[in-house]
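What follows is a set of structures to go through.
Across the two complexes that follow, chain A remains constant while its partner is chain B and subsequently chain C.
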Partner chain A sequence: MNDRCDRIASWLEGLDRRWIFLVLAVVVVAALLSGVSSPDRATSVVQPIYDRIENLPDGAPILLSLDYSPSSAPELEPMAEALTQHALLTGHPICYMSLYPTGNNMISRVEERIITREFPQAVPARDWVTLGFQVGGEMLINSLRDSLTARYPTDVTGRPLRDVPALRGVRGLGDFGLIVSLSAGQPGLKEWILYAGDVLDVPLAGGCTGVGAPQFFPYYPLQILGLMSALKGAAEYEAALARGHPEFTAANQPATRGMGPQSAAHLVIVAFILLGNAGLLLRFLARRRSP
Partner chain B sequence: MIAAIHLSGDVQVWIGALLTLMVFSFLWRDNPFYKFAEHVFVGVSAAYWMVMGFWTTLWPALVLKLFPAAGRWSSPDAPPGAWDPLALIPAALGLLMLARLWPRLSWLGKWPTAFILGTTAGYSLVRYLRSDFLYQIQATIGTGLAPMAAGRWLWQESLAQLLVLVGTVSGLVYFVNTREQKGAYGRVARWGLLVLMITFGASFGSAVMGRVALLVGRFQELLGPWLGIL
Partner chain C sequence: MSGVKQRVPQIILTVVALLLIASAFVARPEGGSAPLGPRLLAIADQEFATWFSILAVFAFLMGGLNLVATHLAKIRERGPDRFYSLVTLVSFLVVLVIGTAKLGGPPGLQGDVTAPGSWLTAVFDAVLSPLHATLYSLLAFYIASASYRAFRARSLESSLLLGSALVVLLGRIPAGRHLTAWIPEPLAFLRVEELSLWILRVPNTAGQRALMIGIALGVIALAVRMIAGVEKDPRSGGDGS
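Take a look at the complex of A and B:
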């Protein structure tokens, strides 16, 4: 019995980690190919963002700051896409900007994948406007508080902001119905909280990567009205959108599709953790029983 | 039902897919394909950030302010801006920073560093004090230990509030090193340690969740745009 425990423990301890990578890859690919998805519903941290957009006054603009680069896009892009669809479905103009130098490319991807394909009737400058990236991080936010035109005299196409119907009545950040920062790091949501949300008392929400989530949860609900954390947060938002707007269920839901493989991968990781601990337990038992 | 493979004809998709596979190959062991992808990534990133830094920062925030006429090369249709003598200050500070390249003049580089540190610290102090200290204390105390709504005791909120308060206080007690942690005080500190461990566990789990999402994203790109079977 002792020998058997010892052998199994030794085998588990010596297991080549490449087997773990292989099993993980096979499970993720199988889950993607089978199209399995994990049913979700919006938690109390995500739901307020959805509710805020639903209850905005007619035509109130939403500022969406895409503060991420391609390396974080798999987690944050589904949030940008879902928010864009929600805003356009409810008739709220979207104003895109970014604190990241790669932000313009991220905005273009959302425009192409969602606005061009799903909302061909949307009119530039009326339904959405792209301010793009400007250097400065927190100083940029600071200067936009009183006047957007101080740092953005025109949008990315060169159109003066005074000629943009989407921003009619907007002078500074405080005039937006909602500000959402989808943040991969610094500058990002933290700077939006410090330099806009807490100063102007403007409704502020965020989306963040899984790595960054523990940093932002303490700000909820006093300083941010909601937080979407990683792919799970995006999937919850998609679930809320699908429930409130049945027409959205036919649309592309990348986060919901991604949650199936994600859950499967988590199960594999949990299984390997249990296996590793079982090995330790067997080793412990073998040592205890040995004379 | 798995659809037939339909390989992409897009060169960009192929480059992305092959580089992804090269990086994944490191999971097997270090190899020339991984090294190639690694060097390409570092080189392209450095070049990209340099070009972006020039055109998004140096050009509009410095060159165009000191030499407005230069704008006719980058934006021929835009009216030229006004000369801004204030831009000479960041220009001078930037040049001083470059002095660090010469050992005899490197001390000059301390001036722009001091300027950046001083202004950032002074400017951020009030913001951090309010957002990360005062508001966080308010959030910890919250609505009190017995929140009510319409004459009803909200026991779930009350329990959550109690946990936050106890976790915060015991976590702080754990870090007080001027008193020996034994007896009742020690038990509070041990509870604080437990809270910290749970927090670190949650942070680690969240980080794993994020990394798995990135893995899923890469596989979606490989199976979707590249192989066309998603």
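Take a look at the complex of A and C:
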């Protein structure tokens, strides 16, 4: 009996990681192919972002800073898409910018997937404007506090900002109804908190990757009104949007669909963690029983 | 001469740092009737931000030149990794030419380099984006393998880590929510998604804040030493003390 426990424990301890890779791949691919997903519900950390947009004064613009590159897009892009859908559904102009060099392309993707396909009636410069990427990170934010035109005399198409109806009444960052930074690292949400949210007292919310979430929780709820963390945060926002706007179906949305494979992957990891500890327990029992 | 070389950068550093610190603590004036001091500080703050961005652009240039020099040297030395250096150099130069010439996109200084149809967008969509996605996806496999080996209940501390990991892992998926949905409303705080949120909001926040405050104090101490000129500063070539 002791020998058998010891053998199983040794096998579990020395388990080749390629078996873990294989099981994870098979389960995730199966979940992807089956299309299984489970609609989520917004937690108290995500709901305030939705509520803020719902309760903005008519026509108040929203600044959306897409501070990520393609590597973080699977987690952060669904947030950008859901926020764009929500803003356009509620009639709030969106101003896109980025602190990342790849930001312009990330913005283009959201424009193409959401605005062009789902809101063909949306008019550039009236319903949304793209300022794009500029170098500088926190110093760029600092420059925009008093005047957007200090660093963005025109939008990416070359249109002067004074001719952009979406930004009528907006001089600096403090004139936005809400600023949201979807952040994959530095520069990102932390810089927005330090150089815009805290200084101007402008409502600020954020979205971040799963690994980045723990560093942003200390800022919630006093310095950021809400935080969407990883795909789960995006799925929660989609759920809130689906509940408030019946014309929006969460099940078709990328984050809600992505939660199926993510759930499967998490369950596989939990199963392997339990298996590893079962091996440890077996080893412990074998040692206790041995004379 | 060496004294001047040390003192001038130190004076620039001290003056700029003091101005920036002062501008952070003085409210920006509204309108033109504000006192001269706050107005000057606001202008300095704005100007320094612009200069910072100009310097950051030059940093891109320096980075590019450094990349070319490093990889050219590797190719010249005919080292075992010269092929990778060649790929890096060719990729860098091709993307640089495509982006600078704004091939396929609207021309001119104001032309959007990432406009739909531009070659740079094609490179982004067909090369950069899939490469990033592929590399990042691999993380899931390594995390799974590392979790299997790391999360073992060998001691009280590791058991706490294991318990937190399981709760957060389950709390981040809808399946976890269904797992504890049977818990009655008065005890809802015991549901896995609530426990997961509690771990992130309470113990995590406490630990993170302790770290942040500690780091901030260290940064303040370092800044004071640099402003006072007692920190060894590689830019001035001085020894400090």
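Everything that follows uses one rule, which is that the second predicted complex is superposed on the first by the 288 of 291 C-alpha atoms of A that agree within 3 Å, B and C clash if a C-alpha of one lies under 4 Å from a C-alpha of the other, contacts with A are read in each partner's own complex, and residues count from 1 in each chain.
Basically, contacts are C-beta pairs under 8 Å (C-beta built on N, C-alpha and C of every residue); 3 or more make two chains touch, one makes a residue touch a chain.
None of these values were measured; they are calculated from a predicted model.
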Q) First (chain B), second (chain C), both or neither: which does A:A230 touch? A) both
Q: Return first, second, both or neither, reflecting whether A:G158 touches chain B, chain C, both chains, or no partner chain.
A: both
(Q) On the A-aligned overlay, A:I193 touches which partner chain: chain B = first, chain C = second, or both, or neither? (A) first
Q: Using the superposition described at the top, determine whether chain B or chain C touches more residues of chain A.
A: C
Q: Identify the partner contact of A:A73: answer first if only chain B is touched, second if only chain C is, both if each is, neither if none is.
A: both
Q: Report for A:S290: first if it touches chain B alone, second if chain C alone, otherwise both or neither.
A: neither
Q: Return first, second, both or neither, reflecting whether A:G210 touches chain B, chain C, both chains, or no partner chain.
A: both
Q) Once the shared chain is lined up, is A:T249 touching chain B (first), chain C (second), both, or neither of them? A) neither
Q) Touch check for A:N55: first (chain B), second (chain C), both, or neither? A) neither
Q: Find the residues of chain A that appear in the contact set with chain B and again in the contact set with chain C.
A: 21, 24-25, 28, 71, 73-74, 102, 134-135, 158, 210, 213-214, 218, 230, 232, 262, 265-266, 269
Q) In their shared complex, at which residues does chain A touch chain C? A) 15, 17, 20-21, 24-25, 28, 38-40, 43-45, 69-74, 102, 104-105, 108, 112, 132, 134-137, 139-140, 142-143, 145-146, 150-151, 154, 156-158, 210, 213-215, 217-218, 220, 230, 232, 235, 259, 262-263, 265-270, 272-273, 275-277, 280
Q. Residues of chain A touching chain B in their complex?
A. 18, 21, 24-25, 28-29, 32-33, 71, 73-75, 101-102, 133-135, 138, 158, 193-195, 198-199, 209-211, 213-214, 218-219, 222-223, 229-232, 254, 257-258, 261-262, 265-266, 269
Q.
Applying the document's contact rule, which stretches of chain C touch chain A when the two form their complex?
A. 28, 42, 45-46, 48-50, 52-53, 56-57, 60, 110-116, 121, 124-125, 128-129, 132-133, 135-136, 140-141, 143-145, 147-149, 151-154, 162, 165-166, 169-170, 172-178, 193, 197, 200-201, 204-205, 208-209, 212
Q: Show which residues of chain B lie in contact with chain A when the two form their complex.
A: 2, 27-28, 49, 52-53, 56-57, 60-61, 75, 77-78, 124, 127-128, 130-132, 135-136, 138-139, 199, 202-203, 206-220, 223, 229-230
